[in-house]
């Protein structure tokens, strides 16, 4: 299979403009004749649905939530990057482009990233016009903050709720189109299968989660904006219901899955407190500006932190990375925390945690200053752990928080399956092996508002102006049959173990062997364990209740079944990528000082996996990455 | 710790519901309320019974999906949190906890503790937006907005759309939701051109959905996980009457 | 859209209707209290005032009708709102706690009912004058010789009855309580309870309601403790005071005679 990224001709900075200038268009009178299915109503899905509806296409938007506004984009805290240079600190489209390429550890596609940087400024304009209440200066202009991986202040924010506000902005635009009748919204509808007609994506099968009704929907194109797959790990900062089913179903129908092993693990989350845990909560990275990270020097030191004398504390980040210290990048600090815990020096009940200590900062700056800077975060911490970080050090531990991999797409955001488009976190394209802070929101909205509405017509213009395929066609009947069969299997399995117990076990395998540091042996073992677990799942899972009603266990069963396949693919990808880069760290590939060792000769490419059948080994395809503008450099934070 | 639960079970909106008693044992006080329900559900599944359906998603208090009436207060005994941020340490060992769904005519019950809040979406579709074409926006700094106004708009915009306001209100009124949504946009310069139609349409949609009327008791604000202030009512009422009077006299710019 | 539709068919409009009628009625009770407080002056003051109102003729009926319509609208909309609010949650909760709603706000309906009953009785008592038999409604003569209704004596007579006085105190108390929520609500409903003065408004309304209650209670207490006495000899059974030359009579018979003469002159 040849994966053609279809990157337009011309110099990097002109590619997008040329592409838009010369792309095919759909006659305004014909637009409404084209039906477009959009799955997902997060930043990407809602903004794309609103924009395409506004352009005149007949759009159907699907969400498994009860309202489009509940998508997990809503939980992003920090902000959104844009190369506005409102701070006059030397920012530019090029600099945002360069920072993103470098932050992605040279594993992203230059042309896509440059386009992302170009449209970033339009996003801010659009959001402000919609009434998104970004933070402002007293003079009435927009305020910015700085974020990791950049030397300029280019992050726009709305308190600690930027994702919420941007999503509500996109949701308001979507609501307007729903009200106008250009977008038909299907809430409580979970996509369970993709329908491919004559080699092109032409429809989906959904289940109404409230009534259990299975529906067929056809269209001229199908767009997925269904988010990432971090819940493979069970415990993550993802919403409990975030899942990979839509993407995975598309993968099984022929769309290749790119770079599944790239997982971002955030260093400062609140540690797991017990077996019952369902969710990990992120604490903003900004805490590392004033907090000092340490673990006890002695193995198994169970004394309370305040009783451990200064000379028995190991400020390991300051020790290992003297120049960046506690501000070392996400992947590095996450790994260092894991090492300390693996050595048996972890703190807290579970031994999975290290201290983030503010006592020095409080001594130096006073409690009031610290309260002013981090009061809300300390309050969240207190709410969850019932401990005051003013008196005792915070306990933190890394947690899965974003997946850079996803369905492979070309420059037009179309997968190798014609007619199937993928946006936002669900695709693989813009962040390479590691995503910078405040870039996820940027990508979701860029794809939805500006990229897809300009690239989708290129495809549609060549699609005959006939009605979308009939939902009574054999492909639809067959796809519905598959869904019914699977659902029936779950409900009639009469096993003994709950879906949740399998999810938990899968998460443990993934976290132990495909988490922050991966080895060949570990990954091979994980593949074996996952295969066994999958077999056991299908044999012994118990799904109570009925199909024709709200049945949360049934929903979870389908999602976990897909995670059980995707998890294996992640391990395979991690195994095949014999290098360390960004969110993928192989113990075998590191410099003597523990730094990630990239292999640009052999691995400067995208690995896209093709599904070959149930329990078959998937095939790895490669899209080489050419760097015209940027040169490979090694990241160093010493 | 151990607690007893009285949980509202209802197959769907067409059938009668009732309370069932459950026991949750050996709980960690640092568990969230929803994690406690997870444990109860695991046990129910193991026993071959139908687990309790309850709404949840992000479990960090921002998506607004979770919606339990816990011991007579939406989202549980603490102030300014969603159900997912309620922890078992807020209860005493041996407590009996009554768990009900959010109830209102405009929020039909889907199953057990899950209610359908589509009425909120309908209100938003009626006017909760600024009509601006994608790509047609002026430069973001072209419209200066004072920090005080921006902050106030953000206070209103913090709403997570959970429906606790409706659930807490003795009259099932949606005034807090509508006033926050309309208030955010009506405060900002971007929202001015559609100010009048916005309030008229959103209020009409609210009335149509069958919500009750506000009697200015502000239970909504006290139950709101984001503690949105009832001060936005006043603005909504004022904007609404202004818009009505203007429509009455067909007031135009000239 | 027509204004009646807004005021009587929309949720916010109905609240505005409540607020506006409430405001009118609030103005009325304040005016009424100021009128009543004239009882602390010479009887002629309040009797003259009452006579002035009575002699407005058709204008009085316009005012009365206006007030009746206001009361009817206030109650009618309240009833409508109550039914809608009940319908908005057909199945109540098994358990629901109150978070911050004031007692006054929660019992508006009940305080309203009592006040309504009181108003009806009050009208029957003082306007229609059918509740207490002829003896309770004496006449008197003003300094200029006009024969007027002796409102002063009617009030004192009423308040000297402990049962009536207690009912009156309860009703006025509940009315103050009703106003306690109503006043602030009124501003909220018409959109004038804004952040800069909402706390001030809250306090002012409390002070206002307390003063309103005290103003009314003062009259009752004064009447019961004898601070204000009946000064109409016809009623009291003795001449008002020595050397009074208003009607030139110093005994009861003479007064009766004078009143009769005055009546004849009028007719």
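Things worth noting here:
Letters are used for the chains, namely A, B and C, taken in the order the chains are written, and counting of residues starts over at 1 for each.
In this section, a residue touches a chain if its C-beta (ideal position, glycine included) is under 8 Å from a C-beta of that chain, and two chains touch if they have at least 3 such contacts.
Only a predicted model underlies this, so the values are computations on that prediction, with no experimental measurement involved.
Inter-chain contacts peak for the pair A-B. With centres computed from CA atoms alone, B is the chain lying nearest the middle of all the protein shown.
For this pair, chain A with chain B, the centres built from the Cα atoms lie 27 Å apart. Chain B and chain C have Cα centroids separated by 42 Å.
As a whole-number value, the distance joining the C-alpha centres of chain A and chain C reads 69 Å. Per the touch definition, chain B reaches chain C in the complex via residues 6, 8, 19, 69, 71-73, 98, 100, 103-106, 168, 170-173, 200, 203-204, 206-207, 210-219, 221-223, 230-231, 233-241, 244-245, 247-248. Of all the residues in chain B, the ones that touch chain A in their complex are 11-12, 28-32, 34-36, 38-39, 42, 44-46, 48-51, 53, 55-60, 62-65, 81, 84-85, 87, 89, 110-111, 114, 116-118, 120-121, 124-126, 128-141, 143-147, 150-151, 153-154, 157-158, 160-161, 184-185, 188, 190-191. Here chain C touches chain B in the complex through residues 1-3, 6, 10-16, 81, 84-85, 87-102, 105-106, 108, 181, 184-185, 187-195, 198, going by the rule given at the top.
Of all residues in chain A, those touching chain B in their complex are 47, 50-51, 54, 65-72, 74-75, 84, 86, 122, 124-142, 158-159, 161, 163-165, 168, 171-173, 175-176, 178-179, 185, 187, 210, 237, 239-241, 273-274, 276-279, 281-282, 383-386, 449-450, 453, 498, 500-501, 542, 544-545, 549-550, 552-553.
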